[in-house]
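Shared chain: chain A. Partners: chain B in the first complex, chain C in the second.
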Partner chain A sequence: MNVDIQSLGTFNQLAHEGAQQATQSLAQMTGIDAAVDVTKITLLDRTDVGEALEGREFVGVQFEYEGVLEGDTVLVFEDESAETIADSMMPGASENPEMAQSAVKEIGNIMMSGFIDGWADYLDSTIDHSPPTYIEKSGSEVLPDAPDAGDHRQVFVFKSEIEWVGKSVNFYIYMLPEYEPLADAMVESADTDDDAIPIDKLQTFNEMTTSGTQQAADNVEMMTGIPTAAEVTQISFAPIEDVPKQIGTDTYVGTVVEFTGRPSGYLMVLFDEVSAVNVAEAMMPIGMDEDELTDQHKAAIEELGNIMTSGFVDGWANVLQTSVDHTPPRLVHDMGRSIVDPLAAQVGQQQEHAFIIDSTMRTDDIEFAAEIHALPNEQELRAALDDLDVERADQTEASVEQIFE
Partner chain B sequence: MKVYDGSQSEETQNAKSKRLKVGIAEYDVTTEPTAMLTTSGLGSCIGIALYDEPTGAAGLVHIMLPTAEDVEGGNRAKFADTGVAELVDALEALGATRDTMRAKIAGGSDMLNFSENGSSIGTRNIEQVRATLDEYGIPITGEDVGGDHGRSLQLAVDSGDLVVKSANTESVVL
Partner chain C sequence: MPDVLIADDSEFMRNLLREILEEDHTIVGEVENGVEAVEVYKEETPDLVMMDIVMPIRDGIEATSEIKSSNPEANVIMCTSVGQEEKMKEAVKAGADGYITKPFQKPSVMEAIQDVVPS
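And then the complex of A and B:
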């Protein structure tokens, strides 16, 4: 089954407009000033859906829908903001749990009806949805079970993040469609197959990225002695101007390289400042016991970034059977978004949308998290996937298993 | 459970100065004197702030690439040439005139320029912004461009002051 770039773009736009419509309904009913920050389509392992929500409490509404698309969708608010929303609809509602629930249900129903109707209109078909169910859970538990992937190992998820302007809380809309009806709808809406990507190969690519991330994590362990594990690996698709928003506005430390070959593009290895100091300390023979990031820390990060990059890129090159070279790493220490922005601009000279490959790794021993983000040239990635032969892809699977043995 | 425990002053401040967030490849204009137009994470991108004193109208656009020439259709606010044009049009719709508009620009850093020949996107963005503003006859009265660091911006609508923040250096007021 093939999916073309254009229909990925269209579906992304559709989800974005739906989220915008939902946000406008919220603003009209409550006076809350909110804006849709990011909308993206992500292909990931079904068990990794909702990782970004960990550690927070949510309330919201869930709907089932069926018709041309089938599945579940949720709208969730961080629980603190839900109280404010309830009060803005019915003053004092947050004092009374029942009233608060019904306020959330009502606003959720109005927001999401617009979202679902927008999809049906575009697909020129009907999508029926169930009445809203109130939900109140923590982290990714707030999301419905990802659809059974069946023969497919991974699922598509549409995710919109809505920012409450001037506040540090967010709303999220997740739409988890069943695989087959979605794939059919995407194929229907495709104009040409000039730029088609076989979905199965996209999944294989995701798996090989996982193996690249594991290699990078092994390299961290080798350098620091700290057991480090690859966590989520996902491939997302978004308009080029949304690419920098994938990274937070906090300050990051890390390395950036340009890679050349097929595909070409950019690869970032980023640490938050606390993680950077912790991991750099672990690499030094004598602890500096400094909380501030020093030049020695930065030198250690540069070395580590280089080794992580090599591990990651080698993982790709092995499977694609191409050679992928990279420049020496450039050390960066700046606002996250401004690091990504020049790279997105470079890529944006040739393309309107981009694939973004994101991986994370973590360790339990110290406070440490690293993110790897790759921004490949879309046409070259498509060509490389086209050439990816299935036998070779099977070997990747075997090697992934070997790594985890 | 209280919602905004201890952050009363922040709320009051928010009520006084309404923040209008301008995303990448977006613009916004206002005549609301208490408003603040903001944009964040400028690397090679440029934020162009236009201020028209007689009407008190202000606008901010966050452009990403120099020119829309090579690209069909798409979002006009993404490019320096068409982005400035959109912003000028939007301010004129609020009653402002080009003769009295003043520009302040920030961004266009050279960070992460991997191209070995030719100038960086940051440099080309700056050149295009200057050229387009010149075509409109709008003078640049303040700028903080180039270098190798990221920037975030806040434009105060009442004064036309543009605050430029960086991760590792002091803020600058243009």
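And then the complex of A and C:
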């Protein structure tokens, strides 16, 4: 089954406009000035949906919908904002828990009706939704079970992040459609086969990337002795201008490389500052016990980034039976968005939307987390997927012994 | 003791290789790109070159090819993070005698050297 880039772009735009409509409803009812920060379509393993919500408490509303699209959608607020929202709608509402719940349900109902109606109008059909169900849970538990994907291991999720202007509070809209009706709707919306993406191969590519992330995690473990596990790997699709927003405003230390071949693009290995010091210390033969990044730490991070990059892309090259070259790593130490901005601008010269491949790895032993983000050229990724022999997908490792025997 | 030239753009990795090798080898030079690798090789003609692949100015495969053209008896071990089959074939074509993928530990480095320059 093929889905063209244009219909992925259209569906993303639809989700974005729906989120904007929902945000306007919020502003009208509460006076809260909010803006849609990011909207993206993500293909990921069903067990990883909502990983970004971990560690926080949420309240919100959930709907089931059916018609031309089927599935669940939720709107969630971080719980500390729920009282403000309730009081904005009706002063004093937060003092009465039942009234507060009712206020959240009502605003959720109004916001999400606009969101769903936009989809129905575009698809020239009807989508019915259930009455809202109030939810109050931790992390990803706030989301419904990922939809049935049939024979597919991965699911599409539409996610919008809405920022409360001037406050560090976010709202999230997750739309979790069942796979087949969504894929059918996408195929129906396709105008041309010229830029079609074979969806099944995109899933296989995602799995190859998971294997690359595990290889990168193994490399970290071998160099540092820190047991490291690959966590989430996902492929998202978003407008170019939204790409830098996905990395956020935290400060990162890491490396950037440009890779060439099929596909070409940019790859970032990023650590938060504490993780960078921890991992660099672990690489040193003699502990330096410094809290801040020294030149030696940076040299260690540069080499680790180089090795992690190779671990990540080598599997693509081996399965595709091609070579993917990359430049020497360039050390970066800046706000996430500032690191990504120039790379997105480069990629944006040839395309309006981008696929973003994101991976994370973690350890429980010390404070350590790393992210890998790849920004491939869209046309070359498509060509690579065309060439991908699914039967070879597990052949990510090359044998030095065989080649040098 | 065999003479070794280390070519790697990463200071961290040059230090690591030096620590692994200096007990049993004489390090005749440490360089950070392929151009310098060829120059120092021609000056020192070491018994062995430990050659990274991804380096600025000139990569390790081109440098290996040039070293092997000037001296087919030269011993070069690619010492790289790149684990791609096509790249390994390119390295063989350029004349590389061995290939170690990073991250590595001392035993695998010593084993690769023993295969190429038996003591």
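Following the convention adopted for this analysis, the second predicted complex is superposed on the first by the 393 of 405 C-alpha atoms of A that agree within 3 Å, B and C clash if a C-alpha of one lies under 4 Å from a C-alpha of the other, contacts with A are read in each partner's own complex, and residues count from 1 in each chain.
Definition applied: a residue touches a chain if its C-beta (ideal position, glycine included) is under 8 Å from a C-beta of that chain, and two chains touch if they have at least 3 such contacts.
Computed from a predicted structure; not experimentally measured.
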item: Partner chain(s) touched by A:Asn219 [first = chain B, second = chain C, both, neither]; value: second
item: Partner chain in contact with A:Ala370 - chain B first, chain C second, else both or neither; value: neither
item: Chain B versus chain C as contact partner of A:Ile197, first or second or both or neither; value: neither
item: First, second, both or neither for A:Asn306, with chain B first and chain C second; value: second
item: Which superposed partner A:Leu43 touches (first chain B, second chain C, both, neither); value: neither
item: Contacts of A:Thr327 with chain B and chain C, given as first, second, both or neither; value: both
item: Partner chain in contact with A:Ile116 - chain B first, chain C second, else both or neither; value: neither
item: Contacts of A:Asp314 with chain B and chain C, given as first, second, both or neither; value: second
item: Residues of chain A that lie at the interface with chain B and also at the interface with chain C; value: 327
item: Residues of chain C defined as touching chain A within the complex; value: 9-13, 16, 19, 54-56, 80-90, 92, 96, 98-103, 105
item: Contacting residues of chain A [partner chain B, same complex]; value: 33, 35, 37, 80-81, 83-84, 94, 163, 165-166, 240-242, 244-245, 249, 251, 256, 258, 266, 327, 330, 332-346, 348-349, 352
item: Residues on chain A engaged by chain C in the complex (per definition of touch); value: 219, 222-223, 283, 285, 296, 299-300, 302-303, 306-307, 309-311, 314, 317-318, 321-328, 397-400, 403-404
item: In the complex with chain A, residue positions of chain B that touch it; value: 1, 3, 14, 18-21, 23-25, 40-45, 64-65, 70-71, 74-75, 78, 109, 111-115, 120-122, 149-152, 166-168
